[in-house]
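Okay, structure first, notes after.
Labels A, B, C and D are assigned to the chains in the order they are written; within every chain, residues are numbered from 1.
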Amino acid sequence: MQVETRPVSIAGLRFGGPEFVVIAGPCAIESLAQFSTVARAVKSSGAAMLRGGIYKLRTDPRSFQGLGSAAFDIVRKVRDETGLPIVSELTDPRQVAELYDVVDVFQIGARNMHNYSLLKEVAATRKPTLLKRGISAKVEEWLLAAEYLCAEGNNNVILCERGIRTFESVTRNTLDLSAVSYVKHNSRFPVIVDPSHGVGVPELIGPMCLAAAACGADGLILEVHHCPERALSDAQQALTPEEFGEIIEKLRPVLSAVKRSLAMPPAYCAAS
Amino acid sequence: MQVETRPVSIAGLRFGGPEFVVIAGPCAIESLAQFSTVARAVKSSGAAMLRGGIYKLRTDPRSFQGLGSAAFDIVRKVRDETGLPIVSELTDPRQVAELYDVVDVFQIGARNMHNYSLLKEVAATRKPTLLKRGISAKVEEWLLAAEYLCAEGNNNVILCERGIRTFESVTRNTLDLSAVSYVKHNSRFPVIVDPSHGVGVPELIGPMCLAAAACGADGLILEVHHCPERALSDAQQALTPEEFGEIIEKLRPVLSAVKRSLAMPPAYCAAS
Amino acid sequence: MQVETRPVSIAGLRFGGPEFVVIAGPCAIESLAQFSTVARAVKSSGAAMLRGGIYKLRTDPRSFQGLGSAAFDIVRKVRDETGLPIVSELTDPRQVAELYDVVDVFQIGARNMHNYSLLKEVAATRKPTLLKRGISAKVEEWLLAAEYLCAEGNNNVILCERGIRTFESVTRNTLDLSAVSYVKHNSRFPVIVDPSHGVGVPELIGPMCLAAAACGADGLILEVHHCPERALSDAQQALTPEEFGEIIEKLRPVLSAVKRSLAMPPAYCAAS
Amino acid sequence: MQVETRPVSIAGLRFGGPEFVVIAGPCAIESLAQFSTVARAVKSSGAAMLRGGIYKLRTDPRSFQGLGSAAFDIVRKVRDETGLPIVSELTDPRQVAELYDVVDVFQIGARNMHNYSLLKEVAATRKPTLLKRGISAKVEEWLLAAEYLCAEGNNNVILCERGIRTFESVTRNTLDLSAVSYVKHNSRFPVIVDPSHGVGVPELIGPMCLAAAACGADGLILEVHHCPERALSDAQQALTPEEFGEIIEKLRPVLSAVKRSLAMPPAYCAAS
C-alpha cells in the first residue's frame, strides 16, 4: 500500500498531485541573454518551472563558480518575462537571506545533503526546498536529511533522485529509480528525478525521463542549454531546446498511460 | 542515434522487435503441481514464456539446490500443457547436453556471467541464450561476455539487466535501467529486465516493470509463485498470480505509449 | 618514485616527517570530567594530540549534536592541563572565527569535504587543517578539495583517510589503505588514518593501526572513551584507554620496522 | 578475542602458523624459459611457493587464454627444478581430474567464487584449495563459499583477499585489509593477500604487502615477471624480480615486529 503523498505548492504549481512538473534550464546562469533564451525555449516546449545555477559547487577550484550575486537581477528579469518560478542552489548558510527573495525554491545539492548547518538554516525559513539525494546517501539517510528540513514545521520539501555513485562508468552515476518508487511507497514527500546528472549522457536522458514518469515520479529537472558545447559547466550533458522538446512530446503519452498529465506553466493558469 | 536491434526468435516469439515479451514463473521448480499451477496462471494473465529453476546456485550450501534432473519431466509436461517455451539456468558446462532438449532457452545467471568455460560450451550449441548481467559487471564487461556467446556464430543472445550491487540496502540490488538504454543505443542485442532480483521488494516490482517498458527494454522476466510464503527459494520477492496480473494490466497502456504491444503466447498464434 | 612529503608543524609536532603522530580522544566532548579523563589517559599511553567533537554532524536530527560553544572552556582547560594540541571539526563557515582561538587544528569532516564554501573560509585563515576524505570521494576529488584549502597560500593541510562506502557490511566502511599509499606517492600532503570510522569494529581497529603504520601513513586519529557504552555518540566503535594503550605498544615495533618512531607529546619536548 | 586459525599444510609449508608464506610467479605460464626464469628468481629472493596461470579467465574473448594442457610439462619441470609447490587456477569442473597431479594447490579465482558446481567438484578431492574472494562478494558470502569447499570434509582451505570493486579508479580494485582482519577474528581459515590484483599499480604493491603482514595476514601471492612489459597478461601490474626482492627485504622487519617470520622454501627444510 503506497503512502499518500502530501503535495507541495509553489506559485500555482503543485508537486505530488496528478500533474507532473518539468523543471528545465541551464546548469549555470551565464548571462541575461543566455538564461532568457533558454527559459523562453523550455517554456514553449512544456517546462513549468526554471532551474539555473547562481552559486556552483565545483570539484576543481579552477572551474567556473557561478555568477553569484551578479545573477540576481538576471533571475528577476527572466522570472518576470516568463512567469515561471525558479529553483536555485544554496551552498552556504549565509546565502539563505540574500536568495530568499530571489528564488521561489531553494535547492540543496547532492554534495550538501549532509550539510546539516545549511539544512537547519533553510528549514527555519519554511521556504519550499528541493532536497537532492547525496551521491552515496542511502535512502534512509536521505529521508533523515529531509527530517532536518521538516524540523521547524516546514512541510514544503520535495525530494530529488539524481543518481548514486557505483562502479559503473558508462554513465556518470547510476540513476536509482527503485529509490523513487521506495520513497513514494514509504514517505509523504513528492519526489522528482534529475536524469541529466543521473546519467550524464544526452542520448540516455530521454529514456530515463520516460522511465521516471512510468514508475511514479512527480516530475523532472533537466539541464537545457541553447548551445551545449559553449556551456560553462556540464556542457557534455545539456540537452538542446530541440532535444528537450522531443522528450516532452514522448513524455505526454507515457503520463497519460499512468493517468497523469504534464503541468502547465503557472502563467497559463493565472492571467499574469 | 540508436543502433538497430537484431531480434532473436524463439518458438514463435520475437525478442527485440515491436512486441514486448513477458517471461514469468517460479524461482525454482518444486513439483509438477506447483509449476503447472503457476504456468497456467501467468499464461492467462499475459506471460508468453515460462521461467523455472532446475539447477539453483545458492550462496549457502544448506539451501535448496533445485530438483535437478528430476525436473526434466515436469518441464516437458508443462511445456506441452501450456504451449509456452521455457528458459532455465545452466550452472555447469556438463549440463549443456542434458538440458539441450529440455528447455528452449539457456539462461546464464548473474554469478556465471564471467564463467567463460560455460559460455564457450553454450556458444557451441547456438541455442538461444539469456545472459544476465553480473552483479558487479560493468556494461562493457557484460557486452564482452556476450561476445563469448557469439564467438561460434551464435547470434541468439538476449541480455538481461537484473540489478547491480551498490551500498544501498532498502532494495536487494540497484536496478540499472540506464544500462538497458545504453545497451539499446550501443549494441544489437535485445535486452530484457528482471525487476524481481533487481529490487527484491514485491511492491516496487510493478513500478520497475513500467519503467523498464518506458525506457525501451524488450521484455521482462518475473518471479511468480501461487503461494510465495511457501516458496523454497526467493520467497520474499515472488509475486502472486494476482499481483502479476495487475502489473500486466498497467503495463499495456505504457507499452502503447511507446508504440509497442504485449507479445501473445505463441500457442495463440500457431494453432497448437 | 615517491613524491617527498611537505611536513606540517603544529605546536611542536610535525606531521609528515619521520615521527608518527597519534591523535586520540572522544568522538564528542561531553563534559570537563569526561574530556579531561580521556585526555590524560591517552597522553599517558602515547597520544601526542587530542581530538574531541564540539559541533557534531549527525544523520538523525534527534541525535546529540555536540555541546557547541559550551565546550570552548572545556577545550581550553584540557589543553592547558595536558599541553596537547587539539583538533576539532568545523561544520559551518560561521564557526571559523569563533573556533580559531579554541583549537589548534581545524578538521573538515568527511561529509564536508565537498563543502567548498567552508573550505574557502578555512583556507583564508591559513590555520592547519585536517581534511578527511569524503565517504564516496575518489582520490582525485580529495586532492582537488585539498587544492581549495591551498588556494590562499595555506600549505598546512593534512589528509585523513577514514574509509569509503562500499557494498561490504561487516565493517562500517571499507578502509582504503591503498589510497594512503597513492597519496604518499603522488602528492606532498601528509596523510593520517582514522580506523575508528574506517572499520567501526573495536577488535579490527588495532590491526588496521598497524597496517596504516606499515604502509606509510604519517599518523592515526582514534576514538577513545573511558566508558564506551555510555558515550553519547559512536559508542560502538570507541576504544577503552586500555585497548588504546595496547595498540600503541604493538605499534612501536612496527614503526621501528619502517624506520619511524612514535611522536612524543610536545609538552615533553618543550618544558611547558 | 581472535578465533584460533587452523593451519593448512602443503608440501612442508604451513599456512596459518607463525610463518608467513610468500607465493610468487607470473600471471600466466608462457613458456618453460619464462616460468623457470621467474621461478628461480623469486625463490632466491624468498618465495616459498610458486603461482602460474595454466587456464586464464579473460574478460575479452580475444585475449590470451593460457597455454592450457601444454603447460603441464612446464609445471612439472619447474617444480622439480626449484622444489617449490605450485598453485594454479581451475576454471572448469572438468579440469579437476587433469590438474590433480599437476599442481599442489587448486586456486578458485575471484570470478568463480560463486561457481558452486566447481566448488563441489574441488571439495570432493580434498586437495588444498586457495579460495579468492569474489570481486563483489561480501565477507559472509565468501565464508559461505568456503563452506562449499568444506562440505566433503575438506579442511584444506586457504582464503585470499584480492580487492573489491568500488567507485575508486586510481587503483584497479580496493584492497580490503579490514576483511582480512575480520576473517582472522571470526573464522578458522588461514588468509593471504593478493596486492597485485588488489591495487594493480606496481608502486603501491610493496606498501600493501607490508600492511597485509602488519594486520595479521598469513601470506601473500604476488605477480612477478622477468620482463613485465612483454608479459602476455596483466603486464601493467607485474613486479620485476628486483622489485620483488626489495619488497621481501622490507617485509622481514615488519614480520619480526608482529612476531612472525618468513617461511623458507620447503626444499630448504627437506634435504631435497
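Methods note: a residue touches a chain if its C-beta (ideal position, glycine included) is under 8 Å from a C-beta of that chain, and two chains touch if they have at least 3 such contacts.
Note that the structure is predicted; figures quoted are calculated from it, not measured.
*Asks:* Looking at C-alpha means, what's the farthest chain from subunit C?
*Replies:* Relative to subunit C, the chain whose C-alpha centre sits farthest away is B.
*Asks:* Is the C-beta contact count larger for B-C or for A-C?
*Replies:* Most C-beta pairs in contact, of the two: A-C.
*Asks:* In whole angstrom, what separates the CA-based centres of subunit A and subunit C?
*Replies:* Spacing between the chain centres: roughly 36 Å.
*Asks:* Distance from the CA centroid of subunit B to that of subunit C, rounded to the nearest Å?
*Replies:* Measuring from centre to centre gives 50 Å for this pair.
*Asks:* Quick check: what residues of subunit D touch more than one other chain, meaning two or more?
*Replies:* 136, 165-167, 169
*Asks:* So in the complex, which bits of subunit B are touching subunit D?
*Replies:* 57-61, 91-94, 111-112, 114-118, 135-136, 141, 144-145, 147-148, 151, 165
*Asks:* Show which residues of subunit A lie in contact with subunit D when the two form their complex.
*Replies:* 165-167, 169
*Asks:* Spell out the residues on subunit A that touch subunit B in their complex, using ranges where they run on.
*Replies:* Answer in residue numbers: 1-2, 136, 138-140, 164, 166-171, 174-182, 184-185, 198-199, 201, 203-204, 207-208, 210-216, 250, 253-254, 256-258.
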